[in-house]
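Across the two complexes that follow, chain A remains constant while its partner is chain B and subsequently chain C.
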Partner chain A sequence: MSHVAQSKGRAGFIAGFLVAPLALYLTFVIWPYVQTFGYSFTNWSGQSPTFDFVGLDNYASLLKDEVFRGALGHNLLLLVFVPVITILLALFFAFMVNAGGRSGAGGVRGVGGSRVYKIVYFFPQVLSLAILAVLFGAIYRSDEGGLLNGFLTQLGLIDAEHPVEWLNEPDLVLWCLLFVVVWHGVGFYLVLFSAAMQSVPKDIYEAALLDGAGRAQTFFRVTLPLLWDSVQTSAVYLGIAAMDMFVLVSTMTSQQFGGGPDHHSEVMSTVLMRNFLYFGKSGYACAMGVVMLALTMILSIITLRATRRERIEF
Partner chain B sequence: MGSTGEGLGRRDLIKRSAALGLITVPTMSFLSACASGGEESTKGPDKGAVTKENPFGVAKGGKLDVVVFKGGFGDDYAKAWEAAFDKKWGTTSSHLGTQEITAKLQPRFNGGNPPDVVDDSGAQQIKLDVLAKGDQLADLTAVLDAPSLDDPTKKVRDTLVEGAYEQGLQGGKFVVLKYVYAVFGFWYSGKLFKEKGWAPPKTWDEFLAVCTKAKEAGIGGLAHQGKFPYYINVVIMDLIAKKGGLEAMKAIDNLEPNAFEGNPAALAAVEAVYEVVEKGLLMPGTNGLTHTESQTAWNQYKAAFIPSGSWLENEQLKQTPEDFDMKFLPMPLLADSKLPFEAIRAGVDEPFIVPEKAANKAAGMEFLRSMLSREWSTIFAQQANSLTVVKDGVDPGVKLRPGTQSAVEALKAAGSNTFSYRYPDWYSEMDTEIQNASNELMAQRIQPKEWIKRAQAAVDKAAKDPNAKNNKRS
Partner chain C sequence: MAAQSTVIKAPGEAAAERSGKTGRTGDRDGRRSEGMVLNVFSHGFLVLWAIMIVLPLIWLALGSFKTDAQIGGSALSWPSNWHFDAFGRAWEKGIGGYFANTLIVLVFSVPLTMLLGSMAAYVLARYPFTGNRVIYYFFVSGAMFPVFLALVPLFFMVKRFDMLNTYQGLILVYVAYSMPFTVFFMHSFFRTLPTAIHEAAVIDGASDTRIFFQVMLPMAKPGLISVGIFNVLGQWNQYILPAVLMQPQTSGEPERYMLTQGLIQLQYQMGYETDLPVLFAGATIAIIPMLAVYLSFQRQIQAGLTSATLK
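Take a look at the complex of A and B:
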């Protein structure tokens, strides 16, 4: 058998394995998107097979929909803060755990007890978002039974008669949710960055140490450039998470599918779900879905482009 | 569709053979029993002779397939019913209590082998209008026209509370039996009130006075399920209905331009509720609590009153202290109210259906008829701690839990003075917007006048809904 035929046979063999997953992907991922796109031009109610074509009406009303625009604003705010805060914290902790220890010249290692930290930091990632929602629901509880309120009352910082209604305060609710996402994410990205750091050859660090680099210099000149690929990927992932936020907002805040008080924690996905399932405006909700898809894709491309750098090989 | 046509033809055939069995001598029942036996293999319905006691012709010794939603009411009541049914009719019933109604039943509806009775409720219910449009629901008019089990001179329909019929209609046909009857108002602990020497208030001023006394005693006045402003909306809306009369309620349901704006009853109601907030008579933190959190706090004597429907007692069964003595209180009156103090909001829910393609439709219908008897209604009240759509449907000699008992008494005292808003079912968007405004009001972020403005804006917006033309009440 010639080489060509052999490779053809191999290609066929591989393609054979790919057909089924590809078909599944087309049926369950691509096709629904196409359908959503189609439905977004109709006034489909979601409960009946009949609907009319309404052209771009849904998109036109979307532009005027204050609730949706507010939700978009919240998503963008999260989009900036969630990745930045999470990555910075994760990088800092990962560096401290892996290379932050001050030891003798030759040794590059983490601060004391770093093994324990690594495990502890990873804990939040093990919990599902649904559990987190319950957990933080108890922390943010609006009466004295809440962990935060109880704590602050004990310290005498707030009056027991007027506890802080964390998730019912328009100015606080989004930041409370942001904290949960960051708390949840840091551990995972810490482990991710740790793994990347460990693949950096020790001699590079040793060389830096010998040249008299301090912790900060080591981090910015050595660690960060070598980790750039991981940071980039993390930014895209966290960006997508910030565009979603559905589980936390819908379970932790007031209103049907969350978003309360008075739309102050609304994100696009909660507005979408409410219109889709509760208001019977499914065509309109599909238009929101299309907008979300477009935004997420644009953002991913921008993130990847903006963070593109020369790859460093080692 | 060929298969459907075939099925109908087969059913017709069996109906005819049953009718034949009726007009011929009783010995023929032997033959029809054979026929039904033969039908077993082709999954046709069993059929017995139709008599006055057996208006749908339930066959002795048949099978009955019941699926109920196992939610807030549990499913013990259904098991008790099935036992009673089997005993009377010699049937063998199979029972399924589940929360996954759609997952369990959709394939069966599509496959043409649905159960005989379904309690199609909960978050995963199959939408009733979808089932109705697909001709999956049996017409239950025959059940309404059948003689009542309690009094054969009466038809079943004459034993139902108001609203049970209207709310069971789909496309003008009665296909859904909404079985649970809920009354709405405030709830309090009989024990706490006795201890403190407080009298249940009849006017809003008395209500505020009790709240103030509670506050002095270190207890919150009013608790509400802040995370779900649905509940505080009940208070506001019912105050409007009681002060402004049924016209005020209908103006809201019919989306009139002066439903809220320029309606003195509406402003008075909102101001009354706001007074509770302003005077600091809310239970601290209640605005951010879920229904279970706030209700449990109330069960722990942290507040005097809480608004809710009559499902409250069953919902809180585990959290309620043994000697709590739960009591129902109709919404206290504002000055110059048009409706009496006894008037209460009452609504029906928990939809029971008999599928059109049920294997034992006759038994399904008979099951519903039995549900509308006093005996079964009492079983429900005892097992699920809730009222049913059967008028005076609970045996007075039976001991109920205190909350249910007081709801029964309040309902009796109300007589025909019950009312029910329709807008939450008709315009969910408007409902949501008013709920948002109420949440802001309770958190003191807006004033009553602003609430009125926002509520009217929601009404005006809903008036543009294409459904607004069809949804009118008089």
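Take a look at the complex of A and C:
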């Protein structure tokens, strides 16, 4: 009797605790995600309440859409370079900070002031992308007033009469955006890798030193394998960030919702938003969303597979 | 020969290093000088990157004290106008209001996220029942999907509730989108708490609800802080959700832009009005509180974000 009452009360308790979070989550996250799949098979404009089922038409047009294909290419390029550059720089700095000091008692140790470096490097991480957009918009200004052009003019590397139009140069624009992402991310991954390095027991390093390993050897043979889990996680996170890019591209480059000059910095998210909010092609935009999801999942799986190693316990 | 000398040298050297006292000064050991070179090299690169972080931010703040003509001129000129009037104008242009809007939303959305997220995570972590795993994966899977995927239907969903451009609409959406990560993280946290305490509380006659609020939640404080930091930063810096959901729907409706969104509006506006010091001042105003919060809590923020990402 009391057992029944208790389990009844417990069921009530469980339901009571789950109902509000689940309701919110279903309404605003899951249901819209599911709807996107449905809408992607329609010619819905977003404004009118009526729409027709068009099957795979949207997906077929996507294949032929030059702008979308270009955007996909740019995303793939970013997908390779953003994680690779960020992780390499972060590893480099993390190793410097943690093992670049003078060899004192106990072998390898960090540089003096390593705390200060970590504080400074990490700061961009708490800045919003909107602030980055304003800041780097000013840095990349196409006249002498931009920080970058100002510096290069001062150094005599470029002519003050013909400053570089960083964000309007078809070949440069994507790399300029890439730099912003790297600038933003390196500090965070430095701290992440530092934490992982510090959790490696000191005697492993001492043993390596006793065996006569140099610093480079220590890094590649000891540190890196022990950090592999963190590197792998970072690659997935950075890959997801490289698939997005919406805020930076839409606010820093020319054209409606960004992507300029002449679609040279177009990414999938900006094409999606333009089709949704500007062209009123909601069904088509939904199809792009589905493609982005598929690519994100495929790439996460590939990253996790390709970087899989034996897990090292310590 | 060379190989032999290395073999002989290495242990002795390591021993010297471990004893620590010998050869502090005037040591010309190979490894030590290698350490010196590396140390200078390390500091060189580290300082360079530190400058690349700090300099643009200082330059931006200095821009608030320039005149518009000066901003169009050489970037490296020293500001000539040491008045705070650009900050005043930026505040009037709406930065103050955007700031207030963001605060209003976060005051409700962050505690609500933490409360609802912890409740769901707690029940899923500690009460076995049919469908437990399904619901858990349901919650967690949301973290995998790019937010763009949901954007179009989400807009119409919020519209149907008549909550476009309202605080409550954005608050509920923020809470919903913070759910996957909060549940995921708190779930693993609640699992690590010892069962003995729970049993003791049951014997003392505490109800399930009471155990949660008076025993489990206080014990989960370190986890709550980590996820809390993650949620505060994430929601404070959110751009896409407010950009879609917080547009005035009719011309009579007031602007309820969030700070990030307002800053971008200011960027467009100031481009036309050619009052760039206002934009620089606006960005500086947006950076200063983040800088202050970061410097006061940097240890917790670094630890919180790192652990929140690695879990």
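Simple rule for what comes next: the second predicted complex is superposed on the first by the 283 of 314 C-alpha atoms of A that agree within 3 Å, B and C clash if a C-alpha of one lies under 4 Å from a C-alpha of the other, contacts with A are read in each partner's own complex, and residues count from 1 in each chain.
Throughout what follows, a residue touches a chain if its C-beta (ideal position, glycine included) is under 8 Å from a C-beta of that chain, and two chains touch if they have at least 3 such contacts.
Please read these numbers as outputs of a predicted model, since none were measured by experiment.
Visitor: Clash or fit: how do chain B and chain C relate after the overlay on chain A?
Guide: Clash.
Visitor: Counting only touches as set out at the top, which of chain B and chain C does A:Tyr278 meet: first, second, both, neither?
Guide: In the superposition, A:Tyr278 contacts chain B only.
Visitor: Contacts for A:Asp143 in the overlay, against chain B (first) and chain C (second): which applies, first, second, both or neither?
Guide: Both partners, chain B and chain C.
Visitor: Given the touch rule stated above, what does A:Asp262 touch, chain B (first), chain C (second), both, or neither?
Guide: After superposing on A, A:Asp262 lies in contact with chain B but is clear of chain C.
Visitor: Regarding the shared-chain residue A:Ser254, is it in contact with chain B (first), chain C (second), both, or neither?
Guide: A:Ser254: touches chain B, not chain C.
Visitor: Is A:Asn168 touching anything from chain B or chain C once the two structures are fitted on A? First, second, both or neither.
Guide: So A:Asn168 only meets chain B here.
Visitor: By residue count, is chain A touched more by chain B or by chain C?
Guide: C
Visitor: So which bit of chain B gets in the way of chain C here: 8-16, 98-106 or 332-340?
Guide: Clashing stretch: 98-106.
Visitor: I'd like to check the shared interface: which positions of chain A are touched by both chain B and chain C across the two complexes?
Guide: Dual-contact residues (chain A): 137, 141, 143-146, 149.
Visitor: Would you pull the chain B residues touching chain A in the complex into a rising list?
Guide: Touch residues, chain B against chain A: 127, 129-130, 133, 226-229, 280, 283-290, 293, 297, 428-429, 432, 435-437, 439-440, 443, 445.
Visitor: Mind pulling up the chain C residues that touch chain A in the complex?
Guide: 6-7, 10-11, 14, 17-20, 31-32, 34-36, 38-39, 41-43, 45-46, 49-50, 52-57, 59-60, 63, 71-76, 116-117, 119-120, 122-124, 127, 129, 135, 138-139, 142, 144-146, 148-154, 156-158, 172-173, 175-177, 179-180, 183, 207-209, 212, 233, 236-237, 239-240, 244, 259-261, 263-264, 267, 276, 279-280, 282-283, 286-287, 290-291, 293-295, 298, 301-303, 305-306, 309-310
Visitor: Residue numbers of chain A touching chain B in their complex, please.
Guide: 47-48, 137, 140-146, 149, 160-163, 165-168, 170, 254-256, 260-263, 274, 278-280
Visitor: Which part of chain A faces chain C closely enough to touch in the complex?
Guide: Within the complex, chain A contacts chain C at residues 9-11, 13-14, 16-18, 20-22, 24-25, 27-33, 35-36, 39, 46, 89, 92-93, 96-97, 100-107, 111, 117-131, 133-139, 141, 143-147, 149-151, 153-154, 183, 186-188, 191-192, 195, 206, 209-212, 214-215, 230, 233, 237, 240, 243-244, 246-247, 251, 269, 272-273, 276-277, 282, 285-286, 289-290, 292-293, 296-297, 300.
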